[in-house]
Amino acid sequence: MQLGMVGLGKMGGNMAARLREKGHEVIGFDVASPERDVDDLKTLVARLDAPRVVWVMVPSGEPTESTITALGDLLEAGDLVIEGGNTHYVDDLPRAERLAAKGVRYLDAGVSGGVWGRQNGYGIMVGGEAADVEAARPVFDSLTPDEGGGFVHAGRVGAGHFVKMVHNGIEYGMMQAFGEGFELMAASGIVDDVPGTFESWREGTVVRSWLLDLLSRALEDDPDLSGLRGYAQDSGEGRWTVQAAVDLAVPAPAITASLFARFASRQDDSPAMKVVAALRNQFGGHAVTKADGTVAARD
Amino acid sequence: MQLGMVGLGKMGGNMAARLREKGHEVIGFDVASPERDVDDLKTLVARLDAPRVVWVMVPSGEPTESTITALGDLLEAGDLVIEGGNTHYVDDLPRAERLAAKGVRYLDAGVSGGVWGRQNGYGIMVGGEAADVEAARPVFDSLTPDEGGGFVHAGRVGAGHFVKMVHNGIEYGMMQAFGEGFELMAASGIVDDVPGTFESWREGTVVRSWLLDLLSRALEDDPDLSGLRGYAQDSGEGRWTVQAAVDLAVPAPAITASLFARFASRQDDSPAMKVVAALRNQFGGHAVTKADGTVAARD
Amino acid sequence: MQLGMVGLGKMGGNMAARLREKGHEVIGFDVASPERDVDDLKTLVARLDAPRVVWVMVPSGEPTESTITALGDLLEAGDLVIEGGNTHYVDDLPRAERLAAKGVRYLDAGVSGGVWGRQNGYGIMVGGEAADVEAARPVFDSLTPDEGGGFVHAGRVGAGHFVKMVHNGIEYGMMQAFGEGFELMAASGIVDDVPGTFESWREGTVVRSWLLDLLSRALEDDPDLSGLRGYAQDSGEGRWTVQAAVDLAVPAPAITASLFARFASRQDDSPAMKVVAALRNQFGGHAVTKADGTVAARD
Amino acid sequence: MQLGMVGLGKMGGNMAARLREKGHEVIGFDVASPERDVDDLKTLVARLDAPRVVWVMVPSGEPTESTITALGDLLEAGDLVIEGGNTHYVDDLPRAERLAAKGVRYLDAGVSGGVWGRQNGYGIMVGGEAADVEAARPVFDSLTPDEGGGFVHAGRVGAGHFVKMVHNGIEYGMMQAFGEGFELMAASGIVDDVPGTFESWREGTVVRSWLLDLLSRALEDDPDLSGLRGYAQDSGEGRWTVQAAVDLAVPAPAITASLFARFASRQDDSPAMKVVAALRNQFGGHAVTKADGTVAARD
């Protein structure tokens, strides 16, 4: 089928390529990419046959918001916008309602797969009306893995980004669990082959998983990860997961611990622990470590 | 090769069967099993050719301890005991040292795979001397999956049970992460197809894993798990993982959160939360819920 | 000095009474209270001398928002609104900016003290301009404890509610710590006098605190708290604290654990733990507890 | 009354001084202290009238164990040992049983108060038989604060050290809560007077406590704690609290979070976070920070 693709970066570009390989007509636009087929949104819309389908795959936040606002002005009743970026799910419904005022339809699509997606297919999680999902079905079928699976119409508007967010939250928890296990083995004093242990788990164990495969691969190159700093960014979706847990009164201690561990990994020093050190010094005369690294007892 | 197997329960029995299918001569003993080949340990030892290899697969704690003590009396210098049960790793070294006083060798083997192991092969993680690992290599090769993998000589005595313990700790964290994700989706009010979402993740996503496969299968039968209580036992290895983290000064917040969530799941009521309720009532006049279910404000 | 008080409930009514006892002229309005001095906001504003000072002490959310919007229409340049309710700090700055467009000034005041405040004085934490703080200084002085202390000009607009929120977050952590300690002693099997232990800590220990005094008092009436359910509400400020931690990338594991423990205390059953139980059953054949309470192994 | 005091360090020396001020006859021994009254344990025992009371206040672990073993050899039936150090509660009962074989009685006493105890009195928590508690009552009365309180006979042998351990666990949680609150305010960008905020809380708020007083004092000297590293030791009792929680199946997330935060504060780098960074790099091509501080994307 025919599709407009706005955003031709790492994700959008690969997705456009995969869709073309599968026989779709993709008209791409990205102001920053020489790969673009048209030079502005207006031309993109003009080039598409109604009812149009436009996939938006630009950075989340303002770029997505302004792109969709502009599309809202250009598109006509019956056209369909698919937002495939990392939108916070709470923004989907107001956006859909703004478009609906003009008769423009809206699907939110969470996309998983990263740099492996073009080759292996993407995981696609969609929120919105069933009729709109059906309208874009050929695109979803081509983006997801050839062997089937990888697609869900998760629920109403927002559900696609919500479950993608939860997917990433679960991912945080799984990664943290592997990290804690690694650290325990490294600290044990009796485990001599940590990479071999992870490698061995890839068959016949309960924890076998793609993340384990990747960890095993990373340890092949750097068996004790001494080449890396323990410094981990967070992508926003981990934060939204914890905020959703708070909003929904759902206890999510493991995912939250994973997020907080990333926060802590980026701190040079912990203000909270300064308080603990100061208090121990006050009540117990316990030594403190000064900012210059010297150790001083309470006078 | 020839092997004595002490313990013919769910694990030992299946392992003996798998080994026999692969051509090994297994002489089994289990006082409680009609499948036993001999009626006591003494006869078992007499039936084996020196240097003997005896795999112990009985319940952890006292049964394992007394079995190995008895074997220590019966075996001779050069014989090898492989402890495949759920021994706490801190007990391995003292036990090995007691056997070593008589010249009896000791390997500790963590075994993963549960009820699926007989068919798919087991994960085996071994601690001990390299020469002893080589002596039992044919047995390990036959227990692990046919397609290779699933085996590691993890380190010195205790390392096998240590890494098996860590494996289970990681497993706790992964299961908790999936649980939190499920609960978030169920509470969202916008996700209409939770089972389909998990199913879709089985291809093309970062969280794909055997546990995800199993969860998807469980949700096929009971899409909202309404047939189950949220009541989870813990096997001991999760507790040991947290205790090892404390002993080794390793922060393990996600795994610990997973263990505590299981503890809480088995409580009818939380004493800690009674304190919180009582305090809120004291300082704020906030209502409390009485033991009989009525709600009462502070008078 | 002269002050308008909007909201004469448990908090506003007590505060008005304390201020009158200290010689201030308080003109109170609350549509739902027979204690009101005027029947509507318009009359309240008419009764006050310019530049007016109006303290708003109504339920947070819509009631506060609509009250301040109405006041914004009635007040004149130079008048001052003090918002003393439980406003989410992120709402203070936009609100102040809306009022500032008309020249109306705004202070946000976090108030602590609960039902004990009228007698003992309140803790007051204020955000806003120094000149505005000075304008209302006599009121703050009379609301805070007679023996001094209890007041801070914490920072710019929003800071008052922010630090009040953090105060409550700390309170969550302290209460949870006492709760966990209580539960540990109750579970120990060797501690026979839990109330006496808390009572003894009131002197000469590191944990002495007002919350400990209150806990000791609660245990006088009900030594094992058997009369209460372990069921704890949360007031909103605990949630905001965790959300601020997430927004600010501050690890706050203890406060968050306290919030999640309250969430869990209000669940009849844990969906997350259903997943854990289902997974254990799938991979290990571990028994599950059915919704009807019966225990069933995997078939 | 007459008392032998073994151990004249910071704690034992101050306690001996306080007891003498209150009129007790204290015979002190400490091989490392010039303040000692006798030169060996044998002479100490000879100097005391039967039935003797000996308070042991030496470093925990081996020093305590060997001191009590030696006392067990020297003392007679009817004599009483009071162990006031930081013994792990699980060691009390076996120790008491060894002494009981000779008719020597045993009390375990948890002591709180630190460097402030000599002046303000100590908190004393005792485990053991009621008759033995009565025998030493005058000593307990003199050690605890003059204004009363500060003493509890918490339960049977081990209970004194158990509740002292729990006291310290609660202390960990409270300190962590204050630390998290400090960090939130420091990170907020709108709170300009953090020390003043803590100071203001000392009156009229729910969190007022001795720890708050100490924190306020610490912030007087160093308003943003810039002179300190966020580096916090743990004393052993926090670890035991978490291990007790695990042993007793008590969820203790806030106290555990506090312990883990201290562990993390002492790490130069987090091995667990290296795993997270490595995995993010593997699946998403996310940049990693190399050990030399440079940032590199996945190639």
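Here the chain labels run A, B, C and D in written order, and each chain numbers its own residues starting at 1.
Just so we're on the same page, a residue touches a chain if its C-beta (ideal position, glycine included) is under 8 Å from a C-beta of that chain, and two chains touch if they have at least 3 such contacts.
Going by UniProt, the chains are A, B, C, D = 6-phosphogluconate dehydrogenase.
Here the structure is a predicted model, which means the values were calculated and not measured.
*Asks:* Going only through chains that touch each other, how many steps at minimum separate chain B from chain C?
*Replies:* Minimum number of steps from chain B to chain C: 1.
*Asks:* Over half of interface residue numbers shared between chain A and chain B means same, under half means different, so which is it?
*Replies:* Both copies touch with mostly the same residues.
*Asks:* Using mean Cα positions as chain centres, tell me which chain lies farthest from chain A.
*Replies:* So the chain farthest away from chain A turns out to be D.
*Asks:* Distance between chain A and chain C based on Cα centroids, please, to the nearest Å.
*Replies:* 35
*Asks:* Just how far, in Å, is the C-alpha centre of chain D from the one of chain C?
*Replies:* Using C-alpha averages as centres, the distance is 32 Å.
*Asks:* Counting only Cα atoms for the centres, state how far chain A is from chain D in Å.
*Replies:* Centre-to-centre distance between chain A and chain D: 44 Å.
*Asks:* By residue number and range, which residues of chain A touch two or more other chains?
*Replies:* 114, 176, 178, 180, 183, 187, 206, 210-211, 245, 249-253, 256-257, 260-261, 264, 270, 272, 283
*Asks:* Have a look at which chains touch which and call the overall pattern line, ring, star, complete or other.
*Replies:* It is complete, because no pair of chains fails to touch.
*Asks:* Touching residues of chain A toward chain D in the complex: what are they?
*Replies:* Chain A reaches chain D through residues 10, 114-116, 175-176, 178-180, 182-183, 186-187, 210-211, 214-215, 217-219, 222, 225-233, 253, 261-262, 264-265, 269-286, 288-291, 293, 298.
*Asks:* Which bits of chain C are touching chain D when the two form their complex?
*Replies:* 89, 112-114, 117, 120-125, 127, 144-145, 147-159, 162-163, 166-174, 176-178, 180-181, 183-185, 187-188, 190-193, 196-197, 199-212, 241, 244-245, 248-255, 257-258, 260-261
*Asks:* Give the list of chain C residues in touch with chain A in this complex.
*Replies:* 206, 234, 239, 242-243, 245-247, 249-253, 256-257, 259-261, 263-264, 266-267, 270, 272, 283
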